[in-house]
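Dropping the structures in below, format is structure tokens.
After this come two complexes, each holding chain A, first together with chain B and then together with chain C.
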Partner chain A sequence: MKPFSKYWSIFQITLLNSLAYPGELVGRSLMIIPFMWIFYQLWKITFSAAGVEVMSGLTLSNTLWYLMLAETIELGRPPLARTMSENVKDGSIAYILNKPYDFLLYQFSATMGETIFRAMLNAVFGGLTVWWLVGAPQHPEGFLIAIPAILGAWILHFCINAMIGLSAFVVEDVSAFTWIYQKLAFIFGGMLIPLDFYPQWLQTLAKFLPFSSAIYGPARLFVTPSVELFVNVMSLQLAWILALTFVLVIVYRRGLTQLTVNGG
Partner chain B sequence: MASIEVSNLRKTFQTKRKAAGLGGSLRALVKPEYSSVEAVRELSFQMDTGELLGFIGPNGAGKSTTIKMLTGILHPSGGAAKVLGFVPWIERQKLAYHIGTVFGQRPQLWYHLPAMDTFILFGKIYELDDGETKKRIDFLSEAFEIQDLLDVPVRKLSLGQRMRCEVAASLLHRPKLLLLDEPSIGLDVVAKQHIRDAIKRMNQEEGVGVLLTSHDAGDLEALCKRVIIVNHGQIVYEDKVSNLKRRFLTTKLVQVRYAEEVAKDFSINGVETLKVGRYGVKLKFDTMQTPVDSVISHLSDVGDIMDITISDPPLEEVIAKIYQEAGTSTQVHR
Partner chain C sequence: MVDDMKEIKFLLAIWKTNLLSAMEYRASFLTQTIGMMVNDFIYFAIWIIFFERFKDVRGWGVNDMYVTYGVLASAFGLVSLLFGNAFTLSDIIAKGRLDYYLSLPRPVLLHTIASRSIASGMGDFVYGFISYGLSGYFTWDGLARYVLAMLLAAVVFASFLILTQSLAFWFGMMSNFSALALNAMLTFGIYPITLFDQYAKLILFTLIPAALVGAVPAAFIRAFSWQTLAQLLAGAIGFLTLSILLFRVGLRRYESGSAIQVEV
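Now for the complex of A and B:
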């Protein structure tokens, strides 16, 4: 058990560390409230302009709860790529690399430790706001069913962000890549508009990219849970996780030989 | 037995060059120009088990790059090295169980949490039993006098207190070798002494070998038996510290401030006067020819001393002197 208890400890210490400034943690999570209010205004007008109750299988309430979970997944994850790039720039990567653990598992445990409270607070504030605006979710049990997919989504985000972060071993500054990733996730992940509202061809394209498995899949599973959707979402997610983990390990091994540590 | 063996180790960095201004930035975008910086060139040396070895040189000499290659973080551009029998950049994780590192300019303790949390985390990372970790923390906190500091968030500690915790943390897993990169940087005299005493004690009691980089000749005198001086990525001197002291660390700089005005024609026999101000003087002398106490007694005869500082010449000067001697005798001191 010893090898795994070290990763559990890393998870725990980052969890503790994320509580070092509770005010900041709560303050940041409050951001989801105005976001949800803006979404509500936007989609209320859209639904009433279209004169329909249901669009592509989603009601206004479904859409809002969908967006709440999508935002929670996105806002809950810490800026891993930026942190890794900072570590390379300021030289603290030297300490992270010289301990007897697997670097990628270390980063994963630390990222998850940082994610938990951020995501929980976002879900609470976002959930309360949406409840107040459109009432209870249609399928409250959907949340429990979506939990494995939410975890899978964070693993996917981790793989992609760690890859971007590792490019810092060569290029040092990764802000351009994180910007591009964020915009792709917004569009192809369905962060602002559920993918169901896209034209068919774009939907098909988006649903086969990893971004939809990282945002759309779990959020959609939450609002319209079904066994079929669960199997769909999870199998696509698993395929992406396996493929991206494989690439990530290769990128990491190559990156190590390229690393330049700054300072001192 | 050698704990570190290094032969012909090299590290070359590629850095992007860019002319100043917008034009330069645009040109660099279209046609980036790279230049190679040889941080470490053909470095070869050995360190014995349990040895206290000083690895010193001015800023940019390649000390940190060497340490980072010896811990396996950086891959070298050429040459070979073995640390405790491991090739660091290939067996980095295995090696990590047996070495401790402190990079003086970067914290390894979790900044917002009490040091105790990092100690416990390190216990897990190095796979120690909880009981063993606790015993070790008790021992180290006594050796480094940090008992009262362990429960305070690291960000609230002074630099000297933090460095004691940093070095103690790096010894938690009983490493056979400690690599200290500028452990005394930015510390005041008392804090430096604290750290040096504790390191010395760990070397004597546990036989942990210490490779210490510094650009402070004081660290070297206080701690190390043998010294390697590097400059521009190459070894310029390798010998016992006692020999270095006898040959090159013989001059002292003295700065004195008096309560009353100093005579313009101030001079002491055997002492070079560098500067005479209205209230103070700056002197340089050779301790082999003029003993320190005779200079001090001369100085106090002149008037009431308000303040006095005695310091070693900067390392750059020592290196210049080594080069000078190597040039005249065409003999490399190794």
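Now for the complex of A and C:
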């Protein structure tokens, strides 16, 4: 276990660092409130216009709680790719690469440390807003059941974002890739519209992609928890985590040979 | 009059310098422009999926979304391209970086906000026109209204940024609040205005003037009316005046950071 103790320490340090500026942390998390309010307006009118209580297995309350968790996962994750790109641009990558730790595990520990409180505060503000708008979640226990899937979602996000960040070794500026990834996650992850409301062909495609494992799976598990859904979500997520970790390690090794360090 | 011409020439010279600077990194400029257009398209695809299933939101259909999204994207893009520092004005104030602009014989606010150009703004700007072209509302006189409405919306946008970011004169670092205000403006601007009741609409015309960069310009583009034109003109003149006044009042409280600043 000893080799991993340093990564645990990195995780703890970043976790504590994220509390160093509580105003900053709270301020950033308040963003979820207007999002949830506008989602409520949109879906209240949509359900009312459709004249139904339940659409594709989701009530208005389910839909709002689903969106709350989806937003929490998305808003909780730090901008890893951008940070890595900045490290390459200003040359500080040299100081990270020459330390006695694995670069990817260092980034993973630091990212998770930064994620925890960001996500918790988003969940608190988003949860209170949705509770006030539509009442308590139908299955509060769903939150506990969804926790492993939420962790898996962050690992998936990490793998993809680290790959985008590593592309900075070659192209330096990765902002275009991060925008596109974020929007692909919006559309194929079901972040603004639950995938269940999509046309059948698009649902089938989206549910197979990693974006749905990173957003839709955990959020749907939270609102309609069941053993079958849990097994489905976790097994697909695990398959994507294994596949993307493998690709990430290869990309990292190749990226190192292409890196040009700026400055000094 | 002579002074006004001098300032316009000065502004044109800054924009020309910004453009030449961007052209030094052509690959990056193109990547960011194309990346932002792809990003906009993917984001809008969510609305296409939504309206494919639910048809309309209280009479607001996908065609209306094309126009609203288009004019908002173009206005946002134009401000990013021409007044890029409007997005980081609070940082400039809080970090004492106004010193550089104060030491030169030019209007401080204009010089500061025009001194940076965000390349991705070109992607938003161009995408807006494409979105309007696809809306089904395209006519040549409509295009003329599009340009006018977009310019007025850009004035409101820039003024709103100056207003929120100038609060840094009183409260110091405001980057979280500024990001929150900008996100609220963009989110509320994109969503159908028919979602909101009278009280919410009052907020969208005043506190967060999202209606003046989304729904009202879109209505003016679809069909000319003196009422919408008057709303746009009053909004642009009113917010611009207010933002300049607030900046000037705040500037009297400005304290230099005494740091050595290098403006490149």
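Quick notes
Keep in mind that, in the parts below, the second predicted complex is superposed on the first by the 264 of 264 C-alpha atoms of A that agree within 3 Å, B and C clash if a C-alpha of one lies under 4 Å from a C-alpha of the other, contacts with A are read in each partner's own complex, and residues count from 1 in each chain.
Criterion: a contact is a pair of C-beta atoms (placed from the backbone, for glycine too) under 8 Å apart; a residue touches a chain by one contact, two chains touch by 3 or more.
Everything numeric in this text was worked out from a predicted model, so none of it was measured.
Residue contacts after overlaying the shared chain place A:V227 against neither chain B nor chain C. Once chain A of one complex is fitted onto chain A of the other, the partner contacts of A:S92 are limited to chain B, with no touch recorded for chain C. In the superposition on chain A, contact is made by A:L259 with chain B only, not with chain C.
Touch criterion met: A:I13 reaches chain B, while chain C stays clear of it.
Of the two partner chains, chain C is the only one touched by A:F177; chain B is not. Shared-chain residue A:P100: touches chain B; no touch with chain C.
Residues 23-24, 27-28, 30-31, 34-35, 38, 41-42, 45-46, 49-50, 171-173, 175-177, 179-180, 182-184, 186-187, 192-193, 197-199, 202 of chain A touch chain C in their complex. Of all residues in chain A, only 2-3, 5-6, 8-10, 13, 16-17, 20-21, 90-95, 97-102, 256-257, 259-261, 263-264 touch chain B in the complex they form.
In the complex of the two chains, the chain C residues touching chain A come out as 28, 31-32, 34-36, 38-39, 42-43, 45-46, 49-50, 52-54, 56-58, 120, 176-177, 179-180, 183-184, 187-188, 191-192, 194-196, 200.
By the touch rule above, chain B contacts chain A in their complex via residues 13, 64, 68, 71-75, 92-94, 96-97, 99, 101, 103-108, 110, 112-113, 117-118, 120-121, 124-127, 153, 181-182.
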